[in-house]
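Shared between the two complexes below is chain A, which has chain B as its partner in the first and chain C in the second.
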Partner chain A sequence: MNYQLNFAAVWRDFDTLLAGLGLGLELALVSIAIGCVIGLLMAFALLSKHRALRVSASVYVTVIRNTPILVLILLIYFALPGLGIRLDKIPSFIITLSLYAGAYLTEVFRGGLLSIPKGLREAGLAIGLGEWQIKAYITVPVMLRNVLPALSNNFISLFKDTSLAAAIAVPELTYYARKINVESYRVIETWLVTTALYVAACYLIALLLRYLEQRLAIRR
Partner chain B sequence: MTHVAASTQNTSQALLEIRGLHKQYGQLEVLKGVDLTMQRGNVVTLIGSSGSGKTTLLRCVNMLEEFQGGRILLEGESIGYHEVNGKRVRHSENVIARHRAMTGMAFQQFNLFPHLTALQNVTLGLLKVKKLHKDEAVVLAEKWLERVGLLARRDHFPGQLSGGQQQRVAIARAIAMKPSLMLFDEVTSALDPELVGEVLSVIKGLAEDGMTMLLVTHEMRFAFEVSDTIVFMNQGRIEEQGPPKDLFERPQSPRLAEFLKSTRF
Partner chain C sequence: MYESPSWLHELWSAREALWSGFLTSVQCSILAILLGTLIGVVAGLVLTYGRFWARAPFRFYVDLIRGTPVFVLVLACFYMAPALGWQINAFQAGVLGLTLFCGSHVAEIVRGALQALPRGQMEASKAIGLTFYQALGYVLLPQAMRQMLPTWVNSSTEIVKASTLLSVIGVAELLLSTQQIIARTFMTLEFYLFAGFLFFIINYAIELLGRHIEKRVALP
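Moving on, here comes the complex of A and B:
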């Protein structure tokens, strides 16, 4: 094999790759934050006494989890305008990833809520706390600490899913990598550097989440 | 069988008055018309074999259990339900929460909030229910932690405390809310034998201070020493009640006699 590695074209546009990486991180952060809220509400809905809430949440989780994320991205970006809802590509992707994240996080949070001893709720009731206060000050904080390891995996996975935003021309890392690839024909170099950037970003996210896990862990 | 269904004490100033309490889980009736009266400063201990309804009775008093018949009056306020046009209606959650704060409860399994320190466990109710200022809540929490001998452990998390220490924090958490009535539900059952004494001495101290307490315990010696009245429950009914000396030394009911024989008292 006589292929000579030459990273010059990649280094020339390295700042655009970094900008793409930055946008990817922002997309992930916003979507995960919204997804956490959706997931939490849906988890409570799944465990609710009201059948309508349970059924609605269950339908949402089933539909989203059984649809490939790429299909969801295309559906929301290309099909919604047909129904009169026109969204810019970035908001469209954020909505998609948030809905997707929400469905997966619902299951994580539901498991976390089920694992909380019922005695904690009773202890909250016994000192006069209301149901919402118990959720806010006891159930959710304890549950979040318990599910942090599972959340870390989901967060990293959701960050990697931002690469699919390239399908609707959101200018994130994969989008710019494809552009550099097409313009320079340096296929191996472009994708090696892109891979390295994803790996580094994921590794840093994992380190940060592990630090948070240790910091917030319930002391024993 | 001697059946003493109701206290003969004057009920006009009773702190707690329970009349005809019925509780069932589906078809299973666990409380079959319980009457009980407690005066302020009384220490009443419920004894009886497992499944006799002691814990359920305790949990009805602070509405951790719903009940289907009868009424509970705490400081004259009807707990759990009120009547509207002759119909029994459940109080709103806000009213029930306010009523619950009138009682304090210590549980068998401590139920400390594991993500909060000992101090934060005590201050949570003071801040969010009593709406005290943070400084005020901390001073009060420290006072009660000191009282149970755990001020030095104020910044420890429950997982870093022994069972006995956790139970003492749980008692401090309940007492700090200044309840009119303290409920203790088998608070030593989950403890290793060597840790039981430290918890019982805290409860004894509270009794000496005049705290009104309703206890469920299997510690017969302790019940004998600390109680003004012992209530023996059997199959969802109060079978016999009276001063400890009378009950332990001259049980009227054959079931109580049998029960006492089976305990280590």
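Moving on, here comes the complex of A and C:
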């Protein structure tokens, strides 16, 4: 074993790695925001009185959750143009990741909505709010604060999933890592630094989100 | 006048490639799940009952892997192993990556389930004179299994989904076989949908099996 560690090649392009990390975070943020909207709508659909709504929401959740995200990414990026829908790399990836996040968040929100005490809705009715007002002002805000820990976990796993964007050449961290890897052949150094960046980023996000959770948690 | 063959025709002529890809996907998933579960159970036990210095390396392993995207893990195994002088082929490198990923997740599942058991269980076992390993085997693990099963099944479907990442390092599993067929036939949408459908079938079957087992072992 006489491999000489030499980080020069990695440090030279370190700023591209950081830029990639930043793009990954942005992708995850945008996707979780859209995913929350999808997830909320689907969670209401799952709990609705209408059978058609319930069935379509549960088909969406089951199909997306049981399909590999790489297949979804490739399908949406390479196959949709055949149907006349031509999307750029980044919007296409955001759509995929949002759909993916939506399916997982649907389950989270459904659980959150089910765990809201009936009394809250009744209290809302008693002070004369309509069904939609009750949802907007009472159930959803309370539910969102309750599911914050699950939301943070989902965000971290979405952030890790942004590494797959490299498969369609979106220039995020993994993409640059592979680029440096093949250009410099500093294999060990490249992947050590990349892994360290991901782990550090995940840790910082986790710490930040734990802090936010504590700040926003409902005092009991 | 040349008439392009229908999709079903192409599917039929590609059946062998798809079948062998399907088998490779199943094979590497099963290997990774079995080996990963083995590592995970050991790591989980040490994390729960070990002394600080025994726990430290396992904690490092679990946190490192859980902070890294599985895609980066697979790429790192594929590129780093040969650079470290370990000659393994793409399939082995991929399985190694998936195994490490599975192990870290199972470790947390095992630890969580064991720590959720009431303290009294261990104390009661000691009181009737069971040794530590007897208590573990006859009292604690059977109870923890009930708790672990649903999450373990979930992480198995995660592994099947993650096995698609091996296509990027050149393992001819289902997704790469599909891509090769697409490169020949240009039927992008059809074949990606078909691959997605096959993965969905595998995962949905695992999910149903998990629900069935969960019902079987549930306490009446």
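What we mean here is this: the second predicted complex is superposed on the first by the 220 of 220 C-alpha atoms of A that agree within 3 Å, B and C clash if a C-alpha of one lies under 4 Å from a C-alpha of the other, contacts with A are read in each partner's own complex, and residues count from 1 in each chain.
In this section, a contact is a pair of C-beta atoms (placed from the backbone, for glycine too) under 8 Å apart; a residue touches a chain by one contact, two chains touch by 3 or more.
Because the structure is a prediction, the values reported are computed rather than measured.
Chemist: Which partner does A:138 reach: the first (chain B), the second (chain C), both, or neither?
Modeler: Touch status of A:138: first partner only.
Chemist: Look at A:167 in the shared chain and tell me whether it touches chain B only, chain C only, both, or neither; answer first, second, both or neither.
Modeler: Second partner only.
Chemist: Examine A:194 and indicate which partner it touches, taking first as chain B and second as chain C; both and neither are also allowed.
Modeler: In the superposed model, A:194 contacts chain C only, not chain B.
Chemist: What is the contact status of A:207 with respect to chain B (first) and chain C (second): first, second, both, or neither?
Modeler: Touch status of A:207: no partner.
Chemist: Is A:66 in contact with chain B, with chain C, with both, or with neither (first, second, both, neither)?
Modeler: second
Chemist: Quick one: name whichever of chain B and chain C touches more residues of chain A.
Modeler: Touched residues of chain A are more numerous for C.
Chemist: Please indicate which partner A:126 is in contact with in the superposed arrangement: first for chain B, second for chain C, both, or neither.
Modeler: Touch status of A:126: first partner only.
Chemist: Applying the document's definition of touch, where does A:82 land relative to chain B and chain C: first, second, both, or neither?
Modeler: second
Chemist: Does the superposition put A:55 against chain B (first), chain C (second), both, or neither?
Modeler: In the superposition, A:55 touches no partner, neither chain B nor chain C.
Chemist: Which partner does A:37 reach: the first (chain B), the second (chain C), both, or neither?
Modeler: neither
Chemist: Enumerate the contact residues on chain A facing chain C in the complex.
Modeler: Counting only chain A, the residues touching chain C are 1, 3, 62-63, 65-72, 74-75, 78-80, 82-83, 160-164, 166-167, 174, 177-178, 181, 187-188, 190-191, 194-195, 198-200, 202-203.
Chemist: Given the complex with chain A, which residues does chain B contribute to the contact?
Modeler: Checking each residue of chain B against chain A gives 62-64, 93-94, 97-98, 100-101, 103-105, 107, 109, 111-115, 124-125, 128-129, 157, 159-160, 170, 173-174, 177.
Chemist: Taking the touch rule as given, give the residues of chain A at its contact with chain B in the complex, in rising order.
Modeler: Per the stated touch rule, the residues are 117, 119-120, 122-131, 133, 137-138, 141-142, 145, 218-220.
Chemist: Given the complex with chain A, which residues does chain C contribute to the contact?
Modeler: Residues of chain C touching chain A: 63-64, 66-72, 75-76, 79-80, 82-85, 157, 160-165, 167-168, 175, 179, 182, 188-189, 192-193, 195-196, 199-200, 203-204, 207.
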